[in-house]
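In what follows, structures are represented as structure tokens.
What follows is a pair of complexes built around chain A, which joins chain B in one and chain C in the other.
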Partner chain A sequence: MGRWRWRYWPLKAKLLFPTLFTSTLGIVLVCASLIVVENENYREQLESELQVIAGILAEQSAAALLFEDHEQLSNIISSLRKIETIKQACVFNASGVLMSALYSSDDTSCTNMKAQPELGFVGDYYRLSQPVTLYDDTVGLIYLISHLEVLKAHIRTFIFLALGIGVLIQLILVFVAFKLQRVVSHPILELSGAAERISLAHDYTIRAPVYGNDELGRLGTTFNDMIGTIEQQNRRILESRDGLERIVEHRTSQLSLANKELEAFSYSVSHDLRQPLRAIEGFGRALEEDCERLLDETGKDHLRRIRAASVRMGGLIDGLLVLSRVSRQPMESKRLNLSEMLQDIAEELIDLSKPLPTEVHIQPDIWVVGDGRMLRIAFQNLLENAWKYSAKEQVRLIEVSATSGADYITIAIQDNGVGFDMRYIDKLFVAFNRLHTPSEFGGTGIGLATVNRVILRHHGKISASSEVGEGARFCVSLPVGD
Partner chain B sequence: MAGGYFLLFSKFLIALALCVSLSFAHASVLSEYEVKAAFFYNFTQFVSWIPVPDKKLPLRICVLGDNPFGDLLQPLVGRKSQGRTLELANPEDLTAAVGCNVLFVGSSNLRNLPAIIATAQEGNMLTISELPGFIGRGGIIGYVKQGNIIRFEINLQAADAAGVSINSRLLELASRVIQ
Partner chain C sequence: MDEYSILVVDDNPDDQVLTVRALKNASKNSPVIVLEDGQEALDFLFGGENKGSRSNLDSLGVILLDVKLPRINGLEVLKHIRSSPLTNWMPVIMISSSDEPSELVEAYRLGANSYITKAIDYLEFMDQMTLLARYWLTVNKVPESGTVREL
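Then we have the complex of A and B:
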């Protein structure tokens, strides 16, 4: 059904249809009006012929009527036999008495004129009444009935002829219209074909042929100009893309070089720096153990400080290594139960920490997708922070909850610790930035930077909110994954 | 031979029966002189006079001598034929017939016929008579009786001589025309 709608028609049909519809309508109307006119004309002709015949008959039969010469009357009207259309001819005298009659084979009697029969074209017959007059005296009446078979046959022939000519003209018009529509449709089809080829092959060197200087010609020229512009722009885009690719390649190689240097640096840090540090620490301990008696209290204090600093530096180096590892290490994503992981971490922390009344609530069955080792580092840091900053409270309260969205699952870690000032939120996730002094709370300043790096590598987000003394809330959003 | 006679006789019978039935249709309604009187008026309608007379003048119909029509012609008086009013006269002799347009010659004028014809020709008159052989003797229209049917014959020469023109429609109806 839908295929027959106008908008699905091909252009050729759209061009042909209105032309042919109009011409068909025109031909039909012309034929119909010709037929009507011919019918009228033929009727009038028939009428006037019969009137002439009746007039002649009246003139001829006047004398015979007066002298009541039946023989002569029948002679006169028998001449009508030659006229095939006459069905009945009756001659009445002045007093309405039938004087003579002529019937065709299937007819029998004359109409009674006193009944005043309807005249003119009635039904299948034409009826005519012609008074016979002589010097203004009516001496009789001639009544003629003509059947209309000749008229009908004539009109039938005329209709067939008109239809035949109409069909012939229509055929010629179809032929001509078909030829002419190509003049219009050919450039459009060429244009459409060119557009399709360009669209399919993405070949912007193709041009549509341009015919003439009319609207279609201008359309073709404009189309070609547009394609030319697109071709140029496409070339420029491709060139700049190639340029960009070269730049990216260059930068990538630079980046990988830098990465290698960083790895080398990390390696140096982990091994080269650690060795002297272990020496400092080891010899410091040896000094403490072996020469404790030789040192006074000041010396011992200095020694203790050296050892503490070297321990802290070892922590820093470890932290940096972890940060570097989480940045470079390839990810192995899988689905895992975060609640269990957090529970493990919390139990480890409870074991390690000082006996402070601690309440940890972890919402069960939080499932996330990610690299288990990295996530463990991140959440270990977050829980350690919560642990650390709530160490000075009467009771430690830590709550982990999760809310699922369409694309993300958000895990919130809430503690009742000291919190932080929201003014410094910008510095919170930057390495080596600390919001508390080491004397208040120990730490390297690398933990949250590492957490941030892990979450970013998981395409997640991290945010924090707090008020000083009111605890802190860290929210981690991770993509749900497939 | 007997079959031939029988055939002839039967044909005659049929013809007779036809004639009787046809004439009966008229004779039963109109007498002979009624028909003749009707014809009389009809003749005036198919005849024209040369030169063409003034239409205002009456058309004078004269019955010369004995009038066999009796009163049957009276209804014609005052009627119009070709626009002229009909007048009826019954002149006793020829001298009194001057000015007639149509002259009916009665049977009593048989002896005087040549003079009447001559006078009529002079006077531009249409002569009508029921005398047998009337048109052969110079008359223009003569009634004849064929069986029971009244018909008429015309002498065109006589009509020409009298300056009377007879309509061809009337000639068609005549049983005999002398040209």
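Then we have the complex of A and C:
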């Protein structure tokens, strides 16, 4: 049904239909009014003709009526036969007696007619009464009845004629309107066709043909100008995209080259730097065992220091490798239960550590999104730190809690250890920077740098706050994810 | 029968000495054969120009294979060992200086029985070797000499 609505009509129909509708309406109205006017005119003409006839008849028949000359009256009335339209004529004398009649089969019809005073156009007839006067005396009355066949025939002919002319004009109008609408609709259809082709094929080299310099012509020109602009912009976008792609490709290859080099580097670090260390450590040990008797206490102490240094350097290399690995490893994001992971780490630490009363409170069901292995490295470091720096307290207290925000979840790790001086906070997360001496607490100075790297790669934030002797508090904020 | 021998393939002379020392400490009676590179190892196992392979294979209990070897590296040697019906049953332990995860994964993918990162701390390293020798020479059973070929 909706398809028949005006807005679904094609443009041609929209242009053609109103024109034809208006012209048809006009022609019909003109024809109708012509017919009405013609009808009126003809009636008036008929009426006046009849009146003239009646007047002449009255004058001619006045004397005959006065003298009651029937023969004369009949002659006069009979002359009416020549007039086609007269259906009936009745002549009465002054006292209302029917004196003569025409076409009347009996007297009663004339008598009836006299009783009906209705005159003018009645039904299919026109009735007229004409008093007959002689020297201002009424001597009789003439009734004339005319049938309207002639009038009707005339009007009918007129209607046919008018309709014929109307149809002819309408046909001419249809032809002209059709030609005219083509003049208007053709450029629009061409324009819309061009627009459709462009939108379908995304081919901005297509142009719409322009006809003339009227509004439609200007529309076509403007449209072409717009498409030209789009084409240019498109080309520019494509060019700059290609340029960007080339740059990205170049950078990516550079980056992957750098990554490969880094990988090779860290592989040789892990392989080749460890080996001599192992030799130093191993032969130190062998020396200690095999030549025990040749060495005095000072010699043994020197050996121990050499071996300890090798082990420490091994730890540094390991730490650096982990740091480089968390920086370049591909990340995979998963939703994971951090509380379980922390509990795991804490249990391992409890197993390893010296017997010290330890209380670890980990808020259950902390869920985060991130790379499990990397987060494990980060939180292992944080918990180990908390563990290490609270080793000299009476009771070790570690508390992990989380607060959820709209975009971030913040995990706080609080210990009751020695804490640190807030003046040096800017060195806290930088590799090889330590806020305690190795004799106080062991460590490589790489742990928190690694933690920082992991959290940064998760687009998170890490902060720390402390007072000397009051424990430390590390806050890790991780994006909640989708 | 005699103790199974242990084949150590390692190019570094320091490591050779230290490994042999640790193994001797762990299992005094097991003969330790030391080879320098991958090609030597393949010659030893599959018979080069001058070495008969059968007797070598029959007495072998476990192979300690360094990953990083000159010419033919440890992982390639492992691939050869696993692709030959003569040796594909042989326990092979990859020992490496590194703990590079990709290397570890590759070693197991190629069929290593175990992967050890050599500890820098020598005491720890000796513990590792003791555990290895005890497991692969005592706890674990390998097919009797000759049975693999007969079956």
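Throughout what follows, the second predicted complex is superposed on the first by the 260 of 482 C-alpha atoms of A that agree within 3 Å, B and C clash if a C-alpha of one lies under 4 Å from a C-alpha of the other, contacts with A are read in each partner's own complex, and residues count from 1 in each chain.
FYI, a residue touches a chain if its C-beta (ideal position, glycine included) is under 8 Å from a C-beta of that chain, and two chains touch if they have at least 3 such contacts.
Predicted model, so just to flag it, every value in this text is computed and none were measured.
Novice: Applying the document's definition of touching, compare chain B and chain C: which contacts more of chain A?
Specialist: On the superposition, C touches more of the residues of chain A.
Novice: Let me test your reading of the model: by the given contact rule, A:Phe17 touches which partner, first (chain B), second (chain C), both or neither?
Specialist: Neither partner.
Novice: Just chain B (first), just chain C (second), both, or neither: which does A:Tyr204 touch?
Specialist: Neither partner.
Novice: Please indicate which partner A:Ala64 is in contact with in the superposed arrangement: first for chain B, second for chain C, both, or neither.
Specialist: first
Novice: Quick check for you: in the superposed arrangement, does A:Leu321 touch first (chain B), second (chain C), both or neither?
Specialist: Touch partner of A:Leu321: chain C, not chain B.
Novice: Look at A:Gln72 in the shared chain and tell me whether it touches chain B only, chain C only, both, or neither; answer first, second, both or neither.
Specialist: A:Gln72 sits against chain B, while chain C stays out of touch.
Novice: Is A:Tyr42 in contact with chain B, with chain C, with both, or with neither (first, second, both, neither)?
Specialist: Touch status of A:Tyr42: no partner.
Novice: Go through the superposed model and pick first if A:Ser310 touches only chain B, second if only chain C, both, or neither.
Specialist: A:Ser310 sits against chain C, while chain B stays out of touch.
Novice: Looking at A:Phe441, would you say it contacts chain B, chain C, both, or neither? Reply first, second, both or neither.
Specialist: The answer is neither, since A:Phe441 touches no partner chain.
Novice: Okay, in this complex, where on chain A does chain C touch?
Specialist: 266-267, 270-272, 274-279, 281-286, 307, 310-311, 313-314, 318, 321, 325
Novice: Which part of chain B faces chain A closely enough to touch in the complex?
Specialist: Chain B reaches chain A through residues 22, 26, 39, 42, 45-46, 80-83, 167, 169-170, 172-173.
Novice: Which bits of chain C are touching chain A when the two form their complex?
Specialist: Spelled out, the residues of chain C in touch with chain A are 12, 14-15, 17-18, 21, 68, 96-101, 103, 118-123, 125.
Novice: If we count contacts the way the header does, which residues on chain A are in touch with chain B in the complex?
Specialist: 59-60, 62-64, 66-70, 72, 134-135
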